[in-house]
Each structure stands twice: as structure tokens, then as C-alpha cells.
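Note that the chains are named A, B, C, D, E and F in the order they appear, and that numbering of residues resets to 1 at the start of each chain.
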């Protein structure tokens, strides 16, 4: 059975549909990469699937509590140390140790540094380590490799592969090549809602008045 | 005589020197493009030259009141219209009309729209139109073509060329090709302060204690 | 013995509170100083180790 | 050698390391001796044994004001001559001054209970001490809110200057607002009112002791700040790698 | 849940967390009022209950934006909303953390501030008791206001306007308890009413605030 | 300079600018106090001068972060700092704009609020006069505080802590004028002192605030 199935989904942002007619399924051990130009609605789609906003149309089917979402922002507290930040999310998700996650993303040496003093790439690695302590099977990742250098991108590839091997799945929005040749691609460009101009479909409040 | 001369400049950010040993001169009619990877200190260099922060070492020579700085942020007020925004900066810099600037960046049709309703690229064009009403000769531009589409980049090239023809000069930080083959390049990569490691030079408060 | 009379409570309270505040301040200063010294030594040790 | 040489952190650390034990010892001796002498003084014919509070109250009040003055001077030195140690000294002085202010306020309040029959009175002297405490709080809060140490030193310096002007104005305003109960500066008042010698000498000793205590704490805390800065500088370098 | 509470408390007490600023603001307010009203104890004493309660309310108010705004800015709120604990519990825990770092210290320090305003000594117990019972309601109602305004750029003044009217009943009963205490009257009925308000807020507000948060997040 | 003043006034009065929120806050405060203190006119009347002045001061305080924070966020402040007008003038103009949108409306509306608090009618003129002379100092000192905290994430409560002690002399003289007016005494000397404070602030603060801004911009 697939872990996530999306059928004829339309997503809306700022009162307007941005993308529509999106359908795909995600099976265990598979990764799907979302592509498309800026503003096409990748972030919006991920947020909709994560349950942060309602879909404008269509269905999302998934097992409850199986999704882990990693956004553009990492949700780090700069006053807390790396270990404290990670331990917090671990106890929220009921996981036990954080050592495996720290070492998987090469953060062990930084465990006691306040998160505010990390460089952008290190922060991002900490944000990804959070995924490992959620224990969730389906990862929704929004541009996970932003500000990572080449070595860190390779590390990230390993982490993803390990996750897929253990029966996980991942939906990744990205502009760059992630070094995951086995992953499928989904280009959102053809799904742009009602191609510009006067017949754009309003959503939400505007729908009633449009 | 050159309009801007920088000699052996070192710039600092967050208590550490980021780039040093920078020297160049900028003559009328010339453009100089700054290059270098993220975090090398391009923005810091431009802010230092604009006088917003003191140099860590070295000299900057320039005629007073000859510089116009355009930052990452455009300084637009979303509640004011395009024309009101531009007229404000025009009167701050003592310029008269704004029509030439509006038409140069193809904003005439948008003059009465509140700036908050503009798209990112239109906002950026308005930010560039501000340069024209300053009447300043040396432009310091920080990634001026961010979020501009191809047509707008070409328009920007025309504006720069016109500025150079009338005796102006420009210092431009950019990651992408601006279509200005006549411009010189300055790569900051070799100027990275004390190439990594234990002998990085602290600046400011840290200098005395490091 | 020291003669405090009917104001014994007042005087003792004043001395007690003041000395407690002073001792807290001294303790805080000294402890923070010790912590800063240890951290600096650890940091310098790490640098010299390289 | 110019006196400014001591503003170099390394030299400051080296010379204060030698000086500090002596200051600490002198402070300990003077405070202990002064307070013991003070406690052993006979009760006053009017105030009874509560005069003994004076040996804490007056020196603390004195150092509360002088602490602010010291911060003002150190801030000026930093703003004009850019000596980093003086910026850190100003930072280090603030909590000491604040605690001294609290001691003056608390001992005053405890003293006021038997003397005036109330814990607190909006007397100008007391009120202006309360305001001084607020200024200390604001100064400390601003230091701890700003991350960049250079900006923090500059901004707190500017705050200290402006704050001093307005603290002075507040003093006059408060005097205008309410004429008070508190006694004047009795060490200097008219001969008839002069404080009895029995109290005067132990009081002098306590004042000296509190001054030395202030100095010792100031040195310790300044050294702490220098060490913290140096650690931060080394960390920043390490992060660069 | 416990982890969230501990994290919030830790953040509030670390540098830059703003713990203590609420107390300082309360102190300043209690200092300023006599400057306005005059130094006379006979004048200050009868208005002390009201001023103390209004002061507690205002210093609570000014720290409200800490409840959600920071978590929203750095993205934690998005992540918390997709975490396995219900958003209602998040609201309740965050309101509790706010109370522990604002309302509780205020309650404990109130007797000192009461001295400054010459509150009759007999009323000190009532002051502490009323604050202890009433300030949780302030934190809860404030969390609701903070949830409503979480996405806005400058929510501060708007937040005050939304929340202050909600605070009126709490203020009325709280100050009444202290005033009755000062004249030695029986304060049982306002006490019961105040406790009722707090319980009602505790029962209702988490749901309302969680709904507001869900809307602001999408 | 005139252009800057006009822009700031226009921004304050456009939607979302927050003009009027200060007045609303003042109104709420003036209604809350009787809830706290009790509705008795004999009780309210003597404290009215103080409450009105403290209220004016607080509602001024809450709009202070408007002075520089928004301009800092959207980058205008960087551009203004490199513009041909001195930063001192920018500070002065922005403080003036703040006064025109906060202090002046407050002054004009004060007689109405005075009625709510039963201020003796004879003192209304003094109230307006004292606010007219005193509120410019509040805006100037506030601009200084705003300049000090402009780069900070959550400057709000810290700003209050920094600015309120600076407000003490203004408050004392301002409230004293009204109190003297209420009992029919001569208020010339506090008036002169209040005017002196305003002039002193006008002379000093632009330089201090501009220095603070320069530090925060770098």
C-alpha cells in the first residue's frame, strides 16, 4: 500500500489557486522530487500535504501521524544548544536518543554550541537531524540543501538513502540536483492554475465573490 | 581623476574580518562587478564604502555626497503608491521630476499602484528607479537583478549603460551575468581574510582580546 | 555582649539582608570568574591542541 | 609609560593579577573591622541601637552613587579613546552599583520602620535612589539584550551619558515634587549638628571598606568580562574554519 | 508537553528572553504613579489596590507577544503544529509557561510594590491571593490575543486593544478583593467569581486560541 | 526634510499605520482605572491629573517602536542614512511626526478623558497646556529609546524599561501643573521647568539618537 496518495489536488495561496490537478502516490522506499520555477507553489503544496492549510480541491490520503515536515525555516532556538534543541524535538515526538541523529549529520562536535552561533549550513544540518528524531516515515522536505556545501549535500544523500532503505519515503522540493538518480521527478509547471490572466481561479474568500 | 579609490581595504562583520587587501579605483564611465561565493563579504564591502560601517583597515577616497547605495532591501513603503515612494526619494535628494525615472524602468503604467501590491520584480524595478532620482554619480548596487526576469535584466543593462555614458560609475555585486561585457571584474575570493584556521584576524571588540 | 535594646530585630534584619546581598554578589562574581577562566582555558587548550 | 597602557587587556590582566589579592585582603579587613567596630558602638540617645544600621546604609548609598559616576567616566573613556577595557569595566560596575543601591534602599526601609513609622516614604532622597536603581536596571538590560559587543558597548555608553543628565534632572524634579524627611549630609553639615566622634570613625572605616570592596569586585568582574571576550574571539575564529 | 514547558521556561530565563523585564516594568509603573498623583500616603493608600492590579495587567500585557510570535518567526510553530501533540495542549502549555515567568513572579513581588504604594498591611494577603488566582486568567486571555495577532507585523498595540477589554472582569473582581481586604470586609464572593473566571478561561481559551493559530498558520 | 515629515504623517494615517490606536489605548486605560479604583468621584478627582499624565505617557510609549523599527526592517533607514540630510535632522523630523500623530491628538482629546476621571473643570486648561508643552519631550526621549533598540528582535519591553526612567522629570512637572491647576494654585514655575526639559531634550536628543542609530546601522 502507498504511504501517501494525492488525487487531483489543487492548492491555494493568498486567496488564489496556484497549482491544480496534482496527483501522485508515494510508496515505501521511494523518493519524489518536486520541481518548478519560483512561485509555482511547491512550498504551498508541501504545507497543504503537511496539514497546515486545507486543500482547495482534491484528496490527500495518508496514515495519521506518519508525516514529518521540514520547512524553509528550521525552527531553531538560538539561545539553546544544539543538543538541547534536538532533545526538545526528540521528546516532543517521543523518541529516545539523539546521538544517532547527531552523528548522522556530523554534528557531534558541535553538540554544546548555542544554535545561534552556528553557520547557515550547520543550522541547516541541525534542521535535518530533527527529521531523524521524529521517527516519522514520510518526510516532506522544502529545499533541504539550501546553504549546504558539496560535502554536506552528499551527507544528506546518504541520510535520505538510509531512510528509504528502512522503508521510509520522501517528498522533496528542490531547485538543484540532489544526487539521487533513483528518485522520480514531478514537475509542477504544467499544473500552474489557469495560466495567468483574467480567468485565474480564486480560492477561499474570493471564490464566493469572484 | 577617479571617482572612488579604495586602498588596501579590510572589512569586518560580526566581530571578524571577512575580506582584506582590497584595492581598486573606479573612473567615470566605468563599471566594476564584484564576484565571489556566498559569505565572502560583498555586501559588507558595499556597506563599508557607502559609509554605513567603518573599515577595519585601509582607505576609501571619494568626493562627498557622490555615492548612491541600493541594498538587498528596497526601502519601499507598501502603503504608499509607486509615484509617492519615488517622489519622496526625489525630494530627499533634491531632484525634480520622477517621470524620466518611471519611464526608464517601465513603471509609468504602475505609478498609482500601492507599492505593496507589486510583484517582487516590479518592486525591484522601483528600487532601481530610485537610483535615477538621486542624481548621484557613483552607484553601489547589491545584487540589483535579484528576482528580475530576462526582459527586466536587459532594461537594467540599458539604464546602467546610459548612466555610464553620462559620466557615472557603478560598483555592482552580483552572482549572475549582467550582460555588461565592457565591465571589469573583481573576484573577492583571493581576498578572504586569513584563509581559514587559527590565524583569522578578529576585528572591532574582538581585536583587542583575540 | 552587644546591647541592641528594643530595636534588636530591626538591626539584625538590616544586617542580615545586607550581608546576604553582599555575599550573593561576591559569590556570583567569583563563580562567574571561575567559570570564565575554565572556559577560556578549555578553549585555549583546544586551540593549542591543533 | 602612559596610564593608557593599562587599558591594554593583556597588560590589564597581568597587572591586576598581582594587585587583586592585596585589594581583596584590604577590603576584607576594612569591611569586617568597620562593621564590628560599628556594631560595638553605644546606642544613640534618640535612635537607640538603630544607628548601627548607618554603618551599612551610608557606605552602600555612597558606593551606589559613585558606582554610577564610575560607569559614566568609563563610558566616556570608551566613547572618546576607544579603550576596550574601560567599556568592560563600565559593564562590570553596573551590577555592583545596583546591589549597593538595593542595600541602601533596603537598610533605609528597615531603618524607616521604627524611625518614621513606615517602611517607605516618597521622600526625595529615597525616591531618587529608586530612580537610580531604575537607571541601573535599564543599563544592565540593554547590555544583555545586544549581541554584538561593539554595538553594545557604544549604545550603553550613549545611554549612560543621556541617563546621567536625566538622572540629575530627576533629582531636582523630585526635590521640587516633595520636600522630605530624610536628614541631610551630616558629615558636612553645620558644626552643631556634627555627628558624634563615636560614630564618625567607624563610619569612615566602613566607607573605606565598601570602597575597597567595590574595587575588588570591579576588578574581578572586569577580568571575567575580558576572559569571556577572549573566549568568544577564539570561538569566532574556530567557527571560521 | 513537559519538554515544551521546560523549553519555554529555559528560553525565557536565558539571556535575551526578557524574564524580569515584566517585573521591572511593574516596578517602574509603581514608581511613576506617585509622581503623577502626589507623594501623600493618605492619597496613595486607597488607590493602591487598583493601581497594583492595573500594573500587573499591563506588565502581563507587554510580554504577551513572547507567547507565539518568536516561535512563529523562526518556524517552530509550523513544526509544533505538525507534531503529535494537539495544538490545544501547546496553547495551554505556553500560557502556563507565560504565567510561570510573568504572573507568578509578579504575584510574589507584589507585597514589595504594595509597600511603595502604601497599601494597608492587612490587604497584602488578599493582594497576593487575588493575583495568584487572577493572573492565570490574564495569561490565558493574553494567549488568545497573541494567537489572533501572531502573523501581523506590528501586532503590539492592536494586541493591547483586543486583550484589554477581555481583562475587565478579572480586573474588577481582583481589585475588589484587595479593596475589601484593605477595609477588612469579607472578600469571599469576589474571590469565588475570580476563580470562576480563571476556570472558565482555562476551559475555553485553549480551544479558541488553537483555532486562531490554525487559521494564522495556513 | 518636509518630504520626510509628510511621508511619515501619511504613513501613520494610512491603513495599518496605527494612528488612533494610541488614543484608543488611552481611552481603555482611563476606563480601566475606575474599575480598579472604584467609581467614586471623590476618589477619582484628586488622582485624575496623575492618571491622565501616566496614561498619556504609556500610550505614547506603546507607539514608539513605530518611529524607527519599520524603516529599519524595510531598509529605508539604511538609505536615509546615506541620503544628503543629516541623521540628526532625520531623528528630529521623525520625533516631530510621532508627536503630531500621538502627542497632539492626545492633548486635544484629553479634556474628554478628563471628564471620565472627574478632573476638576478648572484644571482642564492646565491639563491641555501641560500636555502641549510636555508631550514633545516624550516623543523626543522616546525616539532616543527607539534608536537604541532599533536592531533588536523584541525591543518592546526593553524600550519601556529604558525610556520610562527618562520620563520621570517630565511626568513630575506635568502632573504638578495640573494638580496645582485643580486647587487653583500658581503653576508658573513647573510650567517653566517643563518647558525647559522639552527644550533641553530638543537640543540634546537628536544628537544622541543619531549616534545610536549610526551604531545600530553598521
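Annotations for the structure displayed:
Methods note: a contact is a pair of C-beta atoms (placed from the backbone, for glycine too) under 8 Å apart; a residue touches a chain by one contact, two chains touch by 3 or more.
In this text the structure is predicted, and so the values were computed from the model without any measurement.
Chains that touch both subunit C and subunit E: D. Taking shared numbers over all numbers used, the subunit E to subunit F interface scores over half, which places it in the same class.
Across C-D and B-D, it is C-D that has more C-beta pairs touching.
The chain with its Cα centre farthest from the Cα centre of subunit F is A. Centroid distances from subunit D, each centroid being the mean of CA atoms, peak for A. Averaged Cα coordinates give subunit B a centre that lies 37 Å from the centre of subunit F.
Subunit C has its Cα centroid 50 Å from the Cα centroid of subunit A.
Computed centre separation for the pair subunit D/subunit F is 32 angstrom, with centres defined by C-alpha atoms. In subunit E, the residues that reach two or more other chains under the touch definition are 15-16, 21, 24, 28, 31, 34-35.
Touching two or more other chains at once are residues 131, 134, 137, 141, 145, 147, 177, 230, 234-235 of subunit D. In subunit C, the residues that reach two or more other chains under the touch definition are 47. Partner subunit F is touched in their complex by these residues of subunit D: 131, 134-135, 137-138, 141-142, 145-146, 151, 154-155, 158-159, 161-163, 165-167, 169-170, 172-174, 176-177. Within the complex, the subunit A residues that touch subunit E are 47, 50-54, 65, 67-69, 71-77, 79-80, 84, 87-89, 91-94, 130. Residue ranges of subunit E in contact with subunit D, taken from their complex: 15-16, 21, 24, 27-28, 31, 34-35, 39, 41, 115-116, 118. Here subunit B touches subunit D in the complex through residues 14-16, 196-198, 200, 202, 204-206, 208-210, going by the rule given at the top.
The residues of subunit D lying in touch with subunit C in their complex are 35, 39-40, 42-43, 48-50, 52-53, 56-57, 60, 95-96, 99, 102-103, 106-107, 110-111, 113-114, 213, 217, 220-221, 223-224, 227-228, 230-231, 234-235, 238.
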